[in-house]
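Just so it is clear, A, B, C and D label the chains in written order, and each chain counts residues from 1 on its own.
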Amino acid sequence: MDGRDATLSAVIDSTHWLLTLSCADRPGIVHQVTGEIVEARGNITELQQFTSTESGRFFMRVQVQSGFDRSHFERAFATIAESLGAQWNLDYVGRRRRTLILASKAGHCVNDLLFRQRSGYLPVSLPLIIANHPDLGDLARFYGVPFEHHPITTPDTKAEVEKHILDVVAEHDIELVVLARYMQILSPELCEALTGKAINIHHSFLPGFKGANPYRQAHSRGVKLIGATAHFVTSDLDEGPIIEQNVRRVDHTMEVPQLVAMGQEQESRTLTEAVKLFAEHRVLLDGARTVIFS
Amino acid sequence: MDGRDATLSAVIDSTHWLLTLSCADRPGIVHQVTGEIVEARGNITELQQFTSTESGRFFMRVQVQSGFDRSHFERAFATIAESLGAQWNLDYVGRRRRTLILASKAGHCVNDLLFRQRSGYLPVSLPLIIANHPDLGDLARFYGVPFEHHPITTPDTKAEVEKHILDVVAEHDIELVVLARYMQILSPELCEALTGKAINIHHSFLPGFKGANPYRQAHSRGVKLIGATAHFVTSDLDEGPIIEQNVRRVDHTMEVPQLVAMGQEQESRTLTEAVKLFAEHRVLLDGARTVIFS
Amino acid sequence: MDGRDATLSAVIDSTHWLLTLSCADRPGIVHQVTGEIVEARGNITELQQFTSTESGRFFMRVQVQSGFDRSHFERAFATIAESLGAQWNLDYVGRRRRTLILASKAGHCVNDLLFRQRSGYLPVSLPLIIANHPDLGDLARFYGVPFEHHPITTPDTKAEVEKHILDVVAEHDIELVVLARYMQILSPELCEALTGKAINIHHSFLPGFKGANPYRQAHSRGVKLIGATAHFVTSDLDEGPIIEQNVRRVDHTMEVPQLVAMGQEQESRTLTEAVKLFAEHRVLLDGARTVIFS
Amino acid sequence: MDGRDATLSAVIDSTHWLLTLSCADRPGIVHQVTGEIVEARGNITELQQFTSTESGRFFMRVQVQSGFDRSHFERAFATIAESLGAQWNLDYVGRRRRTLILASKAGHCVNDLLFRQRSGYLPVSLPLIIANHPDLGDLARFYGVPFEHHPITTPDTKAEVEKHILDVVAEHDIELVVLARYMQILSPELCEALTGKAINIHHSFLPGFKGANPYRQAHSRGVKLIGATAHFVTSDLDEGPIIEQNVRRVDHTMEVPQLVAMGQEQESRTLTEAVKLFAEHRVLLDGARTVIFS
């Protein structure tokens, strides 16, 4: 259990483990990994494996029931992982992953995250919200989540806030940064530093619209579906590996503000689902793609 | 009833009428139009009206039950329509609209159209299929639909086939041209001649992908939804007013051929729905948008 | 504008009106009603009409732009309505309808209603929440909505609370009562008194499951979709006219608690949409069915 | 490759294997099975495993790339499987599974199955269609699938046809029986004989309706979604383990025949998907539930 979480979530059971692993494919990996689990007297309750024909990479997620000693297993497993050149992670099933929310004015995504965190749907802990506007402070306080307001008005304040974000990530050992309609373009350095652990939410349409005011463009073309895409943050704006997408039907009677409202509903739903998938170690990166073990 | 249809559809009832109308908005139009219906002793069973705040245009679709004399009503109504500067149409509910299918090799859309036409789901008559490949001839013959194979191999043969299409449209008094994966770029002249009566089907993705091999691009980005868009044909390729859209969920295990197969399922569904909406006079054009009275 | 609303919503514009009407069908109604609108110098911006072949009833929803004097129009229109034996309603577009929420312990529906009311998505005012448990008091206070806790522990306390609900409905001139997971069976008398103005939310499954613990039954049958149904309250429990339904996909890995969590997401979404449809006068009753002018 | 398939499907590659296995759970199974694969110099390209907490059963589906000798591997693996008390199957990826279609008059499901079989979407071979009405004979002939018409008019003819079905299943070594709107209640004996290899399609609604004419009941209640459920056949009519479900939105303007037509669209889609899942060995039985490795 993570020492930073003062209150142990009721769903955590220190005999249920979650192991994820990715590496270059070669024969025998599943056998080797499961051998180590057998050795540790673990029983596999769910296993998903996938090898990408495109990248030649191997991905695995295993749930294990075992009374094994964590450090003992980690030492043994580290040897295998090293021989495979693998990235891997061992966690308790249901542990709340430490998540930093970045926000701005719009509350729809933040509200959904906070409510579903409290209800237990989202296995995350929320040590802090950082926002460049004060609007969501009351909401954060209601849910008992610390809230910091750092206005970004100049390149200098932007650089300072970005440095602060990195400090917070280090200090709280943040595992996931959620851009909940943060409305700021991150610097390439920050994108780089947060690779594979920052999720953004983006409206999306069929067809895609470039440039300003996409909802107005969507209205002008009379689209029948509007949606949202949750993706990892990369320095290519709105172009990172896709984690989750949803759409809903709209019609000609809806004006731009209604499309925006319906788009927000999709955004909050989709971001919450993406955070849940990530928190449960169901999202593995395969270059520009994701492997989702849902 | 349309004289060209040898067999009268059982669902047609010459006392159920469908009136559609669009014009510049001004007060009193609904009252004026319904006054004419009252005059003709008609009873309205369904009426949908919409005024576009963007274009300022008025759109209406009315179903009327009446034993009125068609020509008598048309004369009376023509006077009103002229005073409104309106485009309008009077039809029997359930009449099969004369539809020309343009096809190529891929059979998924044509099969769905033919099957659902025969089952009675699609109120269209199909006097002819024109294709630039012979592959779908057997399918057409099975459904008893005349099939012409006109190869397009040179600019000259293309021009000849386009001229032939226009001749067929004129000869059969075609009301709708369906590009069922026709895979040919229509000339601007043909697009112009078919404005508002030709429907195309296009794959579509979130985000949109430009250039060749969109399914490969979609796979590389790891999209979670793929879909299809049915739209009116304009000279802007794949950019006409949107009629219908659908998506389905896909995942990382699906290779490009599977995505294509799933995309085809969306294409056939979506094109069939768009043809149904058009055939039932539920699609009205509002500049670059559609009003869909579904 | 409703005098009880101290603060006028910004979206209200006293020149945009919403008229709904239902009555036994007969020829000429649209013409007659729109004649009155022409008379009042109104311009129709959206009109939907439907006649039920099953019940023979006529339904209409009209949006009108006009500077007419309300009381003058109401007098004139009342005469027509009386001659038609019609139920009718005239309202401002965007007016917040006075809504009473009944709640228990579960917060998912109440949270969604409060958040979307504040964000402006739901055009309702919320003078009061009545709950038989204290759990949601903090949430209500955060949103500035008065909250009353009335425990129901005996038939007597139940009767008292029901009487209080009716008093509140009368005192605040409540237009809509929302059972946001209220978990109490209303007495036939209360159902009767709230006919056509109380909405309930109910989990729903394919196939339907009777009896206790439906999520466990759904799990045992391995359903692939779970959903929610919002319906009007009638004395037939969970059987009133349906307003809105949604489903989402689930799979075999999900245990009962996860199905419950996903069901709650569907419940909150579906109830919010139903409240929105009602608040915008888009829901008309046709016996055991609803006509939804969406 | 299956000797009965005269033409080898192009997608089959005798170095790609599919292994499915289910048994009572115990520690070490994945390790043991993958050990055998390593031994046979196979490389796992996709593996999904799930243990049901409800039933305590272990389920696995593995795709393996290997040049191993089939009979050699089967012998070795049979020993393991026996020690586990496991049901297991080894197949080529992409092999067309021998499928018998039972039909009646309605063509929507049969048409979709035949078209998608020919297009390559469905990896099945179709040695025969048996129908109790002649209506679909032409469709079958068009697709080159043998068609037998056996009218069922009396208990005796029913018994004869059921005996014939079992003979056909034995003679053609049928792996899957698809009831494509067969409209006959199978005898308990036939259900028993086809356990786990017969799929039926059933309309479905929220809420569920019992008794005759469910579409009329659905219309009377004004449901907003209609759907279809594909499930295994059991002697409990329309109650077998669920494989796949879909819904689509409907509204108050749709009369019963339209609901039926839309329901048919869901039925054909859903049945085709269920057959695809089964043919690809993605459906494993867990008592009254299914495990779907999609």
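We take it that a residue touches a chain if its C-beta (ideal position, glycine included) is under 8 Å from a C-beta of that chain, and two chains touch if they have at least 3 such contacts.
Note that the coordinates shown come from a computational prediction; the quantities given were computed from them, not determined experimentally.
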- Item | Pair sharing more residue contacts (C-beta pairs) when B-C is set against C-D | C-D
- Note on the structure: If chain centres are mean C-alpha positions, then the most distant from subunit A is chain B
- Item | Whole-Å separation of chain centres (CA-atom averages), subunit B against subunit C | 36
- Query: CA centre of subunit C versus CA centre of subunit D: separation in Å?
  - Reply: 42
- Task: Mark out which residues of subunit B touch at least two other chains, giving numbers and ranges.
- Result: 46, 50, 53, 251, 253, 294
- Quick one: in the complex, what on subunit B touches subunit A? 50, 52-54, 204-209, 219-225, 227, 229, 238, 241-247, 251-253, 255, 286, 288-292, 294
- Query: Okay, in this complex, where on subunit C does subunit B touch?
  - Reply: 25-31, 34-35, 37-38, 41-51, 53, 60, 249
- Task: Note which residues of subunit C are touching subunit A in the complex, please.
- Result: 46, 107-108, 111, 115, 119-121, 138-139, 142, 251, 253, 261, 264-265, 269, 294
